[in-house]
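Lettered A, B and C in written order, each chain numbered from 1.
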Amino acid sequence: MFVQLLANGLVTGSVIALAAAGVSIVYGILRLVNFAYGDYMTFGAFMGILFNVKLDLPIVPAAMLAMAATAVLSVALELVLWRPLRAKSAGFMSLFLVSVGLALVLRHVIYLVAGPQPRTYAVNPYKVYVIGSARLSGAQGIAIVVATIGIVLVGLLIARTGVGRMMRALADDLPLAAIAGVRTGRVILAAWIVSGLLAGLAGVLAGLVQTSFDPQLGFSLLLPIFAAVVMGGIGSVYGALAGGLALGLAMELSTWPELAGGVNPTYKPVVAFAALVCVLLVRPQGLFGRARVV
Amino acid sequence: MTAPILAVRDVVRRFGGLRAVDGASLDVERGSITALIGPNGAGKSTLFNVVSGFLPAEKGSVQFEERRIDGTAAYRIAQRGLVRTFQVPRALTRLSVLDNVLLAAPNHSGERLSGVLLRPARTRAHERNARRRAQELLALVRLEEHTHDYAGVLSGGQRKLLDLARVLMAEPRLVLLDEPMAGVNPTLGRQLLEHVLQLRADEGMTFLFVEHDLDVVMEASDRVIVMNEGRVIATGTPAEVRTDSRVIDAYLGATWST
Amino acid sequence: MSTIASFGFWSFVGIVAGIYTLFALGVQVQFGFAGLLNFGQVAFMGIGAYTMAILVVKEDLNMWIAACCGVALAMLAGVLLGLPTLRLRADYFAITTIAFSEILRYVATNEDRLTGGSQGTINLAGIGRTSQYNSEWQSFLGKVERGLHIGGDAAMLILVWTVALLAVTAIWLMMKTPWGRVLKSIREDEEAVASLGKNVFSYKLQALVVGAALGAIAGLFYAWQFSFFSPDDFAPLLTFFAWMIVILGGLGRAWTVPVGAIVFGVIFAGTRFFDFAPFSLLDSTERAYVRLIVIGVVIIGLMLFRPQGIFGNRKEMVLE
């Protein structure tokens, strides 16, 4: 049982981790809390349905196309919405509220176009992977492998590549980086592309893991994702990855019956919040965040 | 010999790897006008932040009127009579100039909901008195023509004056002024200095101020404390300090090392 | 279904606007005046409504006393929320407030025996028995109708707006006091205020609690108007509507809230009744989606083109 819960936790956790990384990359550079991120994910998930179910592509190419589509959406919104707002010196609050409005628009356009009925990907439902005493469905197996690869790639991107270095520079001090000659516009676009790719991927994976989903998919995950970002330390991509995994594990393991009966599974998101609050009480800047300098 | 109104002992405060304040100790005598000088980066503003409770000290102690205040919340320190201005003036731009000063009125029953609801007459009286005092202070700093304007229309120098009027409104016993003359025209600066001397004479107010204009320092202060690299390197009268070789080295060193 | 020209429709819009005035006024006090990023305001609405309903049905308490308990409990919840969280940095505080409202919603959905679970207040007396908390309210409403010689809708409209306008006036008066002066300054520069000897934390807590009380009163009227409710009625979406209303009207002024609420009410309810193409091609669920798309677009448009709201002036603009 424990091992099964551990496996489930890693699956959930890695999906949250990827999404949290996507949120963090943008927040680190633009100080934008993108409340519409869940709906970027939903967009990716539904694009996946389009390619996989409607156009009959196998799940892997469908997922990649879905990721690309979400990246395109992400870039389009940056050019049409976020960049003009920044040009008007919109502050943190304005941007957050716009993202709230955007979330409403995206989600309900998806409702309008795709309808509220639940969707499922065309993957073999009978395939089961058995690892020790844990059983993973085909979808879960794919999800955890892909998510792990994704997490490693993101980590490498941030740590090793030129683009990653520039993103870190901008996250540290945007005006300074601009003066130092870094092409901030391009790096910002790169950040949105990566964020969009991650959103698309996390959306498809979440759809796979939940087996069937509707347009509420992304939004229902948004709060655990934000909890992961905050818990990891806002602006730190590694923190977001760690926070996501930690929260996923906490949520699943909390239902373990050995723990005084275990938590009622419907309360799993509550566990996520409780974990977040505990971390913040002990370490207000998050696990990897920097302490506030007055 | 009465105890110093402010006693700082071995205070340490770091930022990341940098020791901004590295074991600073100083005394401020009651009723004195003391200047705190030193090259840029000496730790003066950080020390102000620690003393006034805006930053915790990692080591050391701060005593105000013989009671320890390190670890006490900033607002409580202000209530006890130690107030400060900020290097970059913090005018509340969306309030009127008058409201800015009124905000500082001490012990105003109108600032508690219980006072507003249960003691309306006393609240109105407090407010009337506060208004009168505020207008006197605004006249003092020559801002009375802006009394009802948003503080946002004031220039940098005017905001410094507003800051000064505000701290005086709080009826403090020790005032920490962070570069009070910066951006203020010299004539007005002179008048303010005279008023500071008056306040010291009449009410026994003590002043500790950071200042870069050494002429002002020489002329206005009773005592000078010199900091460099996070420590106090010299204290004494202006004349003593001016000829102290350590002080000269500190300033020359700072100038030549860029 | 009422048509766009009927009094029934417009009084419904008016009642909703009145309830939202109270609800959004709480957000105005918390954010417009004190600068607190409370995104969990809907929780206080739910606490007010549920406490009243539970006490009436399960404990047979007089409805008016139960209503006061609802407000008191919401205020206590505000204190319990604020004590550990108000010292966090602003964005973290915002997230914990959303977490707070979602946790309460989860609890309400799952604790069937206490709250009737996901079916809502119909279940409060137990499975198989429908329950009513509204009877005392209905008889009060009846007295008002007979006394003023008006119908049920009009009576509700008058009652809601009387309370709403009283609340707006009370807040307006409070903000003119020295207490209000301290509150307004906190939004702008907490440290400057602390340096003048004010206990910033205490003022923030008071703003949170006042806002919570207003949210609870809105919840009571919600419960009375709709006769039955469930946890899903108190979703984060409502908090965002309140924020939109406050921004629409303009931050930092009490009387702009009712204006924003009325505009919101018209947008929200009015789109039900567009009978012309392309709306006529949509069924009612689809129109609900369009309604929310319109609201999202309005929020975005506001931020892009008039972030100070209808009545704000650029000098006072606060959205930093």
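The working rule: a contact is a pair of C-beta atoms (placed from the backbone, for glycine too) under 8 Å apart; a residue touches a chain by one contact, two chains touch by 3 or more.
Only a predicted model underlies this, so the values are computations on that prediction, with no experimental measurement involved.
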Outermost chain relative to chain A, judged by CA means, is B
Contact-pair count is greater, between B-C and A-C, for A-C
Cα centre of chain A to Cα centre of chain B, whole Å, reads 48
Whole-angstrom distance, CA centroid of chain A to CA centroid of chain C, is 31
Between the Cα centroids of chain B and chain C the separation in whole angstrom comes to 44
Check: chain A positions touching at least 2 other chains come out as 294
Residues of chain C that touch two or more other chains sit at 191
In chain B, the residues touching two or more other chains are 54
The answer for chain C against chain A in the complex is residues 37, 84, 87-89, 91-92, 95-96, 98-99, 102-103, 106-107, 109-110, 191, 240, 243-244, 247, 285-286, 289-290, 292-293, 295-300, 303-304, 307, 319-320
In the complex, chain A touches chain C at residues 33, 81, 84-85, 88, 90-95, 97-98, 100-105, 107-109, 111-112, 116, 223, 226-227, 230, 234, 264, 266-267, 269-270, 273, 276-277, 280-281, 284, 292, 294
Counting only contacts in the complex, chain B reaches chain C at residues 52, 54, 73-76, 78-79, 83-84, 86, 90, 92-95, 99, 102-106, 108, 110-113, 115-116, 123, 126-127, 150, 152, 166-167, 170
So, in the complex, the side of chain C touching chain B is made of residues 174, 177-179, 181-182, 184-185, 188-189, 191-200, 206, 252, 315-316, 318
